[in-house]
Structure formats: structure tokens, C-alpha cells
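One chain, chain A, appears in both complexes that follow, with chain B as partner in the first and chain C in the second.
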Partner chain A sequence: MDTFSFHDYKADYNMRINTWYISSLLVSIVVSIPILTVFSSFFEDTSNYFEILKSTFLYEYIINSFILLFGVLIFTLIIGVGCAYIVSFYNFPGVKFFKWALILSFAVPAYIYAYSLTAFFENFGTLYSIIKSILGPGEYNKLIPKFDGMLGAILSISFSLFGYVYVLTRASFHYQSQNLLELGQNLGFSRSKVFFSIILPSARPAIVAGLALVAMETLSEFGAVSFFGISTLTTGIYDSWISFDDLAFANQLSFFLLLFILGLFFIEHISRRKAQYHSPSRGGVKQKKKLNLKGSKSIFAFSVCFLVFFISFLFPVLQMFYWTIIFPKNLLDLNILQLLINTIYLVFLSSAVLIIFSFIANYGNRVTRSKFLNFLTMFSITGYAIPGVILAVAFITFVAWFDNNIIKYYELSSIKKIFIGSIIGLVIIYFIRFYSLAYNGLKSGYERINRSIDESSYLLGYSKIKTFLGIHVPYLRNSIFLIGILISIEIIKELPITLILRPFNFETFATTAYIYASQDLLEAAAVPSLFLILIASTFILITSRYILKD
Partner chain B sequence: MPENFFEIENVSFTAGGKNKVNNVNLSIENEGDIICLLGPSGIGKTTILRTIAGLEKIKSGQIKLKNKILSSKDKHIEPEYRNIALSFQENSLFPHFNVEKNIELGSNRKIGKKKKINQKDVIKFLNLKNILNKYPHEISAGEAQRASLARSLISQPDLLLLDEPLSNVDQSFKEEIQVELKQILNNAKITTIIVTHDSYEAFYLGSKCGIILNGQLKQYDDPYNVYHFPNSIEVVNFLNRGILIPAKVTGENSLENKDLGTIKGNFIKHYPNGSDVQLLLQPEDLEHDDQSNLKLEVVDRKFRGTNFIYTLKTNSNLLIPVFVHSHHIHQHEVDEKFGIKRPINIDHIVCF
Partner chain C sequence: MEEGADCVGDLYITADAGRLGAFQAKGMLQKAGWSKAIKNVVPSQFRSTQWTGIAKRARIIYYSPERVSANELNGMTYEGLADPKWKGRLVIRKSNNIYNQSLVASLVKNNGKNSTANWAKSVVGNMARTPKGNDRAQIMAVAAGEADIAVANTYYHALMLSGKKGAEQQEAAKKVMPFFPNQQDRGTHMNISGAGMLKHAPNKSNAVKLVEFLLTAEAQNHIVNNTFEYPMISGVSANDLVPGKDLSFKQDNKTSVKTYGAKQADALEVMLAAGWK
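Showing the complex of A and B:
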């Protein structure tokens, strides 16, 4: 992050105030609102709930959050790095398939994984039925392990999120040069010593970046932990608002969580910056040679990858599919078309808003070259680190405050209905949550456009707006497509924001699945879950080439 | 007094908040004139072009084109409204358009202008026909530079700025392009400022040359004068076309050097008798003569195609360069003696 001084601000003020500056500034300010709201709410009075909670559940929330985080980090580290290593350094049957198949786990949200896990292992569940059909009736429930509670939550979140570690580590392994490995061999290192002394340390920034993303997502996770009845800071925020109607306390819990997450965000940011040093210079890296595995080693590598692919993707899909088949009534009862329209409507609207405003902010930053704006943007994109629950609650807090203080003062009609429980509110919070994804995606596209390209355009007589529309937009069309798809995947899977801010009777696949599951109707949750996974998988397959690029 | 076509008055050029070239005064009298700016890398030549183009602002002085102020402390016309084209040294082609489309974009600005430059002619003389359908990432740096030059030419600006336009072009092709470029600029009467570090290119293309050294425009004159009458020791050192040797003025038309003896010629500036000066001795000033009794030791010999450059050592250990036509009847090896014709006559005597 660039350092920023008051002198810079003065220089900005004198030199660069224009339409692009103001537009870019406004976008950054809007995105910063929830963060500022959470911080300002920390000092507000709360109800007695806080006192009750402090003496009872608060420590449980914190301890559970830590156990969950620790468990998920260990699992994702082992699975993510292990798979990345196998597909990056060895050739065996199916390696090309597994390279992209392993990222399909992104399509399965942790809460859907949790439904599958429960459904499969519960008393008289799917596994029971399978055993019974093979061995005949019997008391098998005692023999079947139960993956519920904390263990269930850890497994569900791990298999849903290990993809972050896998993708980033694989990219880092991919760019490790043959020279580096040969150097280790020339020094007489064994294969395992090469792995632990050379391969792993040089991929460390990528691994840390992946784990930091996993950590942030884990702390934000709502659906799976709430399904397993684990009390974490995130579910605490939801409960304090929904059950105890204490917005101020929800915000205070958010403050703690936010500090924690911003710490992780900082680690991730630093690691990512270091990870850039691993980018190869053009033509400077000797392509790594993969080792061809044969016999039992080949079978072992295949088995590991297949097992991870099966458990993380095929297992939940098959479980949902199985239920859809054996309970066809749920399929017929559900208004799938309406859910599809609602989901697509949200996806298109939010993607369009995100891409348009990210473009404006990026171009504004580029044209003005303002350090102040750059600093503000860096601050505003921290939105992706903030759990959806916090964003939703902070947004409601802000709207309520604005309505009670500003709108009432001027005796205008209330704006609560416009923003709370409406599509507008939903899109605004999606915007804040996924702004960093859109902004950074476009930024990395923009970084490939040399500034002299813009200057050439001006010198050919093209205005700034013509340069933007005629040069940048066509050039970045692939980036726009990719970002649009990535945002779509996130919005399709998104649960807490949609759950809190959606209009009355407006459901998506995610909310429908959650509502059924929370009513213990897991069979009914299977149909929307299956559709959700299928749509998200399709989008992932479309973008897999880009996701696996680096 | 007629107004100059283009004028820079007391402008200090800055880049990244640092002054690069201070207090520059420079003018182009007539439309269609070509001038060249010469100077070492990093001295601020590109900054000057970027500022003229409107990509950088100025804090003092003014820049005028056709008697209209483009830049001053209080005024800054944006680049897109200046009708000035700048061809960058690095590849600045639009990456998502092919070469042909890139070149076509140059015609965006020909509003109300009589067509003087034909796109096909430019493509032909810059040898771009075979790469028209290729994208910028598929062509070489030299080809990209030529395509960029074509785009700038086709835009037919009031003022064309070329930043090292042929630095990436193959040597074999360079001279050919220089000839045609000069021709096309002259025919179309496009006023041009060329930045280069190649003095031969500057001397050929420019009707005037500016030498930028140590943050200043040291000399701005026609190429002949810059070469033969450099106005400072810094310019002599930069052009690297001769050496300065100590001498004493002995008369209206003569000097004395203790190794070379009497040197005669026309002083371009008056020095009193008995003055100690530094005389500029250029390689073509001395003539080889095997019969001469003034013999110097050969310490180096460079073959330059049409001629050799011998480096000779005097008794005082001065190293003096001398041109000899390469068809000269015999060659001298290192450590051999080399005769210099006496008396030494120099057409114009430059001293400091």
C-alpha cells in the first residue's frame, strides 16, 4: 500500500479534482460505510443481553471460533497443499482431469456440504440404507460414525474451502523453475528434502495467502455452523440481532470479529505482495519436468486425488441427487423456474452494478493518479474480508440511523422500506461484499495496459470517455466476463446477506435450501441445493482456464 | 517580426516532481520545419516531448503553437485538444487491435484537413504490408515502432513529436526509412520534433539541432554549426567527435602546440596573442602524409568501412584521432609511426 501524507492530499486537491475523481471517491465512500458503522457503533449502549452474554456465551463464541478456525486451517493445509503438489510435480493417469476437477469443490457451499454429511451418516440415513440393502435389516446405526457438531462443521467448511489453498499453491508450484529443483538435486538433497527445503518454502507466501482466505471465510461462515448448532462470533451476531433485537450489541460483536479478520486480511495482503516475487520473468524460467509415476505410486497419487474429488464434490452432488430421485415430490413442489429467475435476476443486476462502478473507480484512479484516492480504495476493498452477516447488520444500522436522524429531521418520508427488505438493499450489500473481487479483477486487467496506451489515445484526439469506451472496455472484455462469472458464483452461493435483506417472499436456491434445512426437511433442501451446485459448477468450468492460470 | 510557428519560452520541464530541464527557450520558425533534440539517456528529452504533448504540466513560462498558448502556469490544454501527435519509444499500439486498425485510428483527427499523407504510401515506405493483420504481441519491437510511427503520421498533426522513432529498427533498414521519413514530412509540411541519441540521425533529419546536457539546452543551431562550432566543452564531449588539446595563440590566424607545432586557420572567436586555450581537434582536421617529419605513434586503429580512425599518441601522451580513407594505399599497424602533414591547416579554429 502506498504511504499517504497530507501533502499528497493537498497536491490532489489542487491538481486532480474532476468528474472521474469525484465518481471514484463516491464509490469508495459508499463501500466504506459498513466498516465505519461497525467501528462507530462500538461505543453505543446495548441492552442487558450484553451483560448476560458476557457472563455466559461470549467466551464460548470466541473459543468455538478458534477451534473451528484451527481445525479448518489444518485440514485445508493438508488437502490443498497435498493435492497441489501431486498434480504439479507428477504425471499419472487422470492428472489433467484432477487439475481442474479439484476446483469444483468451490461450487459446493459449506452449508450444503453439511446437509449432505448429516444426511449420509445420520441414523437411518443414506449409509444406513446402503448397508441395509446389502446386508439386510439390522442395528447398524451404532456402527455408523456421526459427523455432526464441531467435527461436522470443520469437515464441511474444509472440503468447501480447500480450493483456495489448492489454487494458489498450485500456481506457485507451477512457476517453480526446473533450475531451482535441479539446484537442490545437485546439492545432493533427497526428494523429500527438496520438497521441504526448496519447494515448500518458496511456495509459502501463496500457501499463507490461501490459508488467510480460508480463515476469513471460516470466521464469516454462517450456514454450516448454524446448521450444526455451533455458537461462533458470526452466529452470535445473527442471534443478537434476530433473537434479541439488539443491533448495537451485534455491532460490538462485529467489531471484535472485524479486528480479527482485518488482521488476517493484512497477513493475506502482505503474503500476496510477496507472492508476486515468484512470478516468472518472460522466458526466464526453465519449464519444470514432471516425474512419471508408475505402478503403486501411480495408483496412490490417483487414489488421493480421486478421494478428495469424490469427498469434496461427488459425495454432496450424489447425496442431493439421490434424495431428489427418491423424493420426486420435492422437485415437483418447488417453483424452480421462479427460483432460477430470482437467482439470475440478482446475479445480473449485482454483476452489472459491480462491474460498472468498479470500472469507474479503476479508471478514476488511473486518470487522476491520486494517492489519496488509492488509499481510500485500498480501505474500501477490505469489504470482502467482512462477513456477510456483519455487512447486513451494519447496513441496517446505518439506514436506521440515517432515517431517524437525517430523514426525520427534514420531515421526509422514511427510507427504510427502500433499503431494508428490498432488492436495492440486497444489491448494495452484495456490491460492498464483492466490490474487491470486481475492483481487483479489473485492476489486474488494467495493469496490463501500459499508460502510454492511454496517452496515445489522447494524442490521437480521443477524449477520456472515448478512450474508456473505445479502448479500455473492448480490451478488458475477457476480464469483464471472468469477473462477471466469479461474482455470479459467489452470489449464487451467498446465504446470510440474502437471508437477512431479501424482500418478503423472495427466495433464491440458497435461501430455500437453508429454510428447508433449518426446518429439518433435509430431503426438501436437496433439490435447491442440487440446482445451486449445478449452476455454480457450470460457471466454474467456464472459468477454470482462468482460475488455474496463476 | 513574423511570429514563430512553435515556441517554448522560459519553460522548466519537470517529471515526477523533479526538474529535468531548466529554463528552455526554443522556437521553430516555419511550419514544416524538422528539429532534433540530442542528449544522453535520462536527461529529460522525453519529458520535453511529453510536456509539449500536454501529458505533463508546467509551472512557469509558456508553450505556444501557431501563436496559441498550449501550456502556461495558468493554462493547460488537454492532450486530446492540441492536435499534436507523439510517437512513443516503447510499444504503444492498442493491444486488442491489429496493426491495420491501429494505423487507421490515426485518421481520427483529420477533421477539415486536406489529405496530404496517403495511408498506403506510409504503409509501403515503412514496410508494414506483411504485418497489417498481426496483433501487437505478434510483431517485433522494430515493427511496432514503425506501426506507431505510421499511426502518428497518418494523424497529420500540427506538430509531430517522435521519441527515438527508429531506435528499435534494424540498422540496414534505418537509413532507408530516414530518407523516406524526411521526404514524407517535407512533402506534407508536418512540423516535427525528433528526440534521438543518434547524432547522425539528428544531423540528417533536423534543420536544427538542440543539445541537452546537465539539465539545460546547451546549444540550438543548425547541424553544421553544432558539429563544427560547438559552443561549450560539454557539447564537444557529448558529440565525442574530437579532442581538446592545449595551445597558445600566436597570431591572428595561428596557434602553437608543443607536439604538433604551428596550426593555422580561421578563428571563429577572437583571442588575444599569447592566450592559453583549449583547441578542438576533430578527426578530419589532420591529414596523413608518409613523407612528413611529424611522426606520431599508432596506439589503435578502428575500421569504419569508408575510413579508418587512427588514434595517435603525441610526446605529451595526448591521444589524437585521425581519419584516413579506407582505400588509402597502405595501412599502419599499432606501434608503427604515422606521418602528419605539415603545416597543419584547419578551416575553422574552435577554442575554449
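Showing the complex of A and C:
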């Protein structure tokens, strides 16, 4: 870092270039490892084990992934856009509350939602108990609908992800011009015609961007689909690695999954650009007048929002809470403090690494304005689109390959222990997955610091490092805090990466809940699930203003 | 698995001989050098040179006494699950489940692959619903009236009866009855939970000692009362809630549990070919 203190311009320039380039190159290489591993493994021979059955499996995985995707997209589209429309265009009791309460669904990962759904609706489950306590003993199981299998997975994933569509659509609705709406009304359009011919088309890019994010997360989802026993590409990757011990087949499945994701990635990218293009400049926006709802319409709007809030958030919290009370032994058996320490440890370490590298990249891009550097950074942030299962399995493949071919050749000691089943490996993969979150968060903070401030600082004789530490860092304190919280929310909920790469006997709330659930101890999964939701909710409330920024 | 020589564990302790067998087939285990103390108490059909059983379980039939008559179950076998009289009345979990794979592997061993393939097709035809859920969910489906018979492991039912899974599941468990199949021929399908010696185990002799301890009466008593499995050694009784706790039913001692791993691929193949989800 002392490269900043060079005063000779030329030396400073050269060293600076090196620092930015080396750091950005390093990050790009790390991000490219899983991608390259997957693509190179595609042509490798897979083991003969179950060779005959593989084509059947592949077909089933792809079909299931598509059905899941289709179902989730429809649900999240209706719920997300519907809620965004109601809270953006109407006034009714509780509208301010629902505006942020609806994003609490981000605190409930799909797998925990799946546990709640099962616990409540299964034979002799919670709903059965409720009916029995009201009506007395009886044969109620047959009357209770069952939400499991594919339907259960679609519902679980939809209610944990609709927030993406809601948040992006709401932001886009916020900027819709009052003039345009009035124009529609002057033309004699009904409210539904205004909605379908004016509001919806101009919000389309935001909706598509939200749906693309939902789609990427759905295709990456592991916990809920594995709980419901649905064979998708993600569970296929995990199973071929765990059950068949066939990394090559796992990587071939990853290849197909990455192709789909790549398509979605471009859709999202293009839509985001269009979304910017569609939003009118701030100056031109006439403050939209919200329509005050009265009577039954007001009750309807309230009910819709409450229902979504209840189903997406209160329901899983209450179910987990109920189980914690019914089976109190599980609360005492669980070493909550240790789980908390592990989680905090991972969060701090990962946040620190992420924020440091994001700072270097952002500052580098700011002072060099190099196109190549910019390209490397853009490439580095694509890691968020790669499913956690793929990142973890590809990383293991790479380390094993590197160890067997390079390290052994030079007769060095094995590096497997350093990277597999270690905190270092875990942090590296978290880094790839969450780098875009940290980088973009910091970038939006940096964009608010006028470049002239840097120049004034240099004129006053401040060195680059002094400008950086004395001006940028304090200026960006809020951004850093915010990024830290957003990373925390992600890491607390993260399942497949942690599950595959965590050190022996190192558990988080997420892995504990998952392991209990997969060992047929669903009720024991309630306590870690409840803690996970509570911590994540707190963090979401802290950052709600940022998430909902218009 | 990718740990290889950097392994820190000695033993791989898991449920189901099929899983241990698959682990052995991958070359993850080594010859354990089981001591005399172990070989004396664990019958040879419940161990290999690389792993050994620690406790036993049976995979049996649970039925609704309201809807299934004693006559219908008379002489019932696993093979009999294919009988058309069970059409729309049977629940059993998915084909990816290791307990099912081991059960079907034992059928492949005893009846041959072709015969088992036909059996699997008929069984799929008899299912009351697409397979889903764990063994408890199958028992609860019978209790709830979704089906008349279920295939499940013995300790699940005992666990439900114990009340550890809540009052509702205890109530559900009381609505079904256990039935031990194949009592007139080879006996009921038995399986184990066991321990395998890991290939790179750093403390092999201590690991053998640990297994010896797990097979003492003291440890076995603790195991059977917590997991509701059957003891591996004689002289210890299973928990009172476990059906056939005195092990008076006829166990299939002819089919070694080693075959569950050996025939696993065949078992999965016939199930998938039959459209067993």
C-alpha cells in the first residue's frame, strides 16, 4: 500500500497501474476458475457408474428445473407486481407499514419456508392440531391440502423471492410520470386499462430484471428442492458428487445449468439498461397523486397486502416459533452461542475481504479510468450469477486437479487441506458469489463523491493514500456499513456453499437447520431457523431504506 | 472424499449396509482388522472386513387394522407387495432412498434381476400416490387413510409411539400395526447401522477399540433406547416400543447385508426402469 506515497509522478503512475492491475487480475482469475473448470470438465469422461441411467437423469433434471422455473416466475410476477402496484398507487390504512413489511420475506430462505409448509400441512401436522383443538377428534387429514413435491417447492421459492420483483417494480412505478397517467385518464381509459396499457408496459424492463434475478436464484436453489426430493440440475450436481462420487458428471450438469443462467444474465443486463432508459429524469417527475381508497376497496387492498405479508413472513415465523415451544428440548440442546460466533466470524472475515478488494477496484477504476481494468471488474462481478453448488463443486474439482497435477509434480505438500473444508476456501467462494454486491454498493457510494473533491485534495498537497484514507473512507462509511449488512444477510442464509465447503464440525444456523431437516428431525430445525430469520429480519429492517430507495 | 490422505477421521459411522458397501466400493475404506471381541458378537452376515454392524433394524410392513384384514396379510411377503389386491393401497418412499435400494437389492439377490424388475413394475402400479416423504410420512399416510399398507423401518414407528415427535404423531402411530413379512420363508429383511474403517484412518487401533466399546452391553443399551434400533449383540433387549423387541420374529439371516452394496446399482436400475420416482 505504500505505493501511494511515491511523489515522483512517473514512478507513482507505474506502481499504481501495477497495484490496480494485479489486484483486479487476481480477482478475475479467482472468479474465472469455477467457470473454466466447468467448461473444461464438460469433455472429460464420466465414471461408468450408472452410465446407462445418466441420460434419463439429465432429461429429468432439465424438465424439473424448467417446471420449477416456470411456476416460480408466474407466482412471483403476480405477487410482486400486484403488491408493488397496490402500495405505489393507492392510499389505505397500513400502506406505509406494508411498503417495508413486504421485504421481510427476504429473511426467510426457501428451505426454511419448505420446512414450515410441510410442518403445517402434513398428515397430523400443525393445521390438523388446530382443527382438532377446535372441533374435537376427527378424520381431518384427508381434508387438508398437501403442499409438497413440486408445488411445495414452487410456493416456497416464490414466497422467498417475490421481493426482487416487488422492489424493482415498485421503484419503477415510483418514477412513472403523473402526466402519462393523466393522459390516460383524459382519454377515458378505465383504471384497469391505464394499468395494462400504460403502467405495466413502461415498468416492463424493471419487471423483467426482477424476474431474471428470480430465475437465476430459482435455478440455483438447493435447500428447498432437495428437501422436497425434486431432482433438478442443482440437486443433480450435488447428488452426482456426493452419491456417485462423480465430479465429472457433476460438472457436466453444471455446464448445462450455466448455459441457462448465462441466458438469464444477459436478459437481466439488457433489461436493467432499458429500465434506466425508461425512467424519466428527476426534474420531469410531477409528484404522483395516490388515490385514497375507501370502504370495501380499502379493505381489499389491505387484505391483499396483509395476506402476502402473512404468508411470506409471519406464517413461517409462527410455525417455527410454535415448534420451538412444543419441543423446548431442542432449544436447550442447541449451542446457539457457538453458531452465532461462527456466523459472525464468517461474516466479518468475508465482509472485510470483500470490502477491501472492492475498494481497490473502485479506487483503481476512478484514478486510472482504464478500459481494460473496467472490463476485468465487469467480468469479476459476474460471480453472483453462478449457483453456489456449482461454485463449490467446481472449486473442489479445481483444487483436487491442481494438487494432483501441479503440486505433486513439484513435490510440494498438498494444498487440499488449506482450501477444502477450510475457512479460506469458504471465504474465497463467498467472495466470488458476493463480490458484485460489495463492488456495486461501493461504486454507488463513490459516484456521489465529486471528482473535484479528489483534485482539491491533491492541490492541498494530500497524497493519494491520504485522500483515500482521509476523505474517501470517511465519506463512504455509510456505504461500508450498508454493504457489511447486506453481505451478512446473504451469508446467514447461504446454504450450499457453506454445506459443501465448511470445515469439519463447523456449523452455521443454515447448515444446522438443513442437517436436522435431512436427518428427519424437522422439529429440531425450528430453533436454528427461527434465529436465522430473526437475525436476517433485523438486518433487513436496518437496511430497508436502502433496499426500498426509489 | 476429496480429503484423501488428509483425512482426520478414523471411522465412517452411518445407517444402512448399502451406504457402507457403496463407500467401500469407492475405495474409501480399508481392512479394519476387527478383533476377536467384535467377530464373536457380530454375526458374519452383518459385517465385512472393512465395516461392521453396530445395531440392527428391520424394514417391515405397517398396516391399518381397520382396512386390512388378518386374512389379507396371512403369509404376506415382500414379493407379495406386487399382488394386484394392493392396487392403490400401498405407500413407500422414493427409489433414491437407500433403505429401499437395500431392500430391492436383497430381492435381486434372492429372486434375480428379471423377476425383481417385474416385481418393481407391479409395486409401482399398486402405489396409492407418487412416492414422497420419509418413512414416518408413509406410516402417517396409512394412519390418515391415504393408503392401507406402508413399508417403513421399525425404529420410525417406535419413535412416533414414544411421543418424541409430538402428541399427534403418537396418536397416528397407534392407528397402524406392524407386520413382519416372509416369516414362512427366508425371514424379514434386516439392515444395520454400522462403522467402516476409513482408508486413511490415523488411529486404527483406537478405532477398533471404540467399535468394541459400542458393542458392549452398556453402549448397546444406550443405543437401542435412543435410536429404537435392535441390539447387535445378544443379551440386550430392544426398547419396549419397538415391534418384535425380543427379536422373536424370523430374521433373514441367509442374505448377507454385504449384498446390499453389491446389488445396489441393479436395484436402482430396476426401480427407475419401473418408473419408481
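Methods note: the second predicted complex is superposed on the first by the 523 of 550 C-alpha atoms of A that agree within 3 Å, B and C clash if a C-alpha of one lies under 4 Å from a C-alpha of the other, contacts with A are read in each partner's own complex, and residues count from 1 in each chain.
By definition in this document, a contact is a pair of C-beta atoms (placed from the backbone, for glycine too) under 8 Å apart; a residue touches a chain by one contact, two chains touch by 3 or more.
This one's a predicted model, so the numbers in the text were calculated from it and none came from an experiment.
Student: When the two structures are overlaid on chain A, which partner does A:S463 contact: first (chain B), second (chain C), both, or neither?
Tutor: first
Student: A:D520 in the overlay: touching chain B, chain C, both, or neither? Say first, second, both or neither.
Tutor: In the superposition, A:D520 touches chain C alone.
Student: Who touches more of chain A, chain B or chain C?
Tutor: C
Student: First (chain B), second (chain C), both or neither: which does A:I326 touch?
Tutor: After superposing on A, A:I326 lies in contact with chain C but is clear of chain B.
Student: So, A:I453: does it touch chain B (first), chain C (second), both, or neither?
Tutor: In the superposition, A:I453 touches chain B alone.
Student: By the touch definition at the top of the document, which applies to A:I420: first (chain B), second (chain C), both, or neither?
Tutor: second
Student: Is A:V308 contacted by the first partner chain B, the second partner chain C, both or neither?
Tutor: After superposition on chain A, A:V308 lies in contact with neither partner.
Student: Just which bits of chain A does chain B share with chain C as contact spots?
Tutor: none
Student: Enumerate the contact residues on chain A facing chain B in the complex.
Tutor: 15, 448-450, 452-453, 455-464, 471, 474-475
Student: Can you name the residues of chain C that touch chain A in the complex?
Tutor: 1-6, 8-9, 22, 26, 94, 96, 130, 132-137, 140-141, 143-146, 156, 165-166, 168-169, 171-172, 265, 268-269, 272
Student: Contact residues on chain B for chain A in the complex?
Tutor: 50, 53-55, 57, 78-86, 88, 90-96, 105-106, 108-109, 148, 151, 155
Student: For chain A, which residues are in contact with chain C within the complex?
Tutor: So the residues of chain A in touch with chain C come to 49-50, 52-53, 56, 122-125, 128-129, 132, 139, 141-142, 148-149, 228-229, 231, 239, 243, 245, 326-327, 396, 399-400, 414, 416-417, 420-421, 504, 520, 523.
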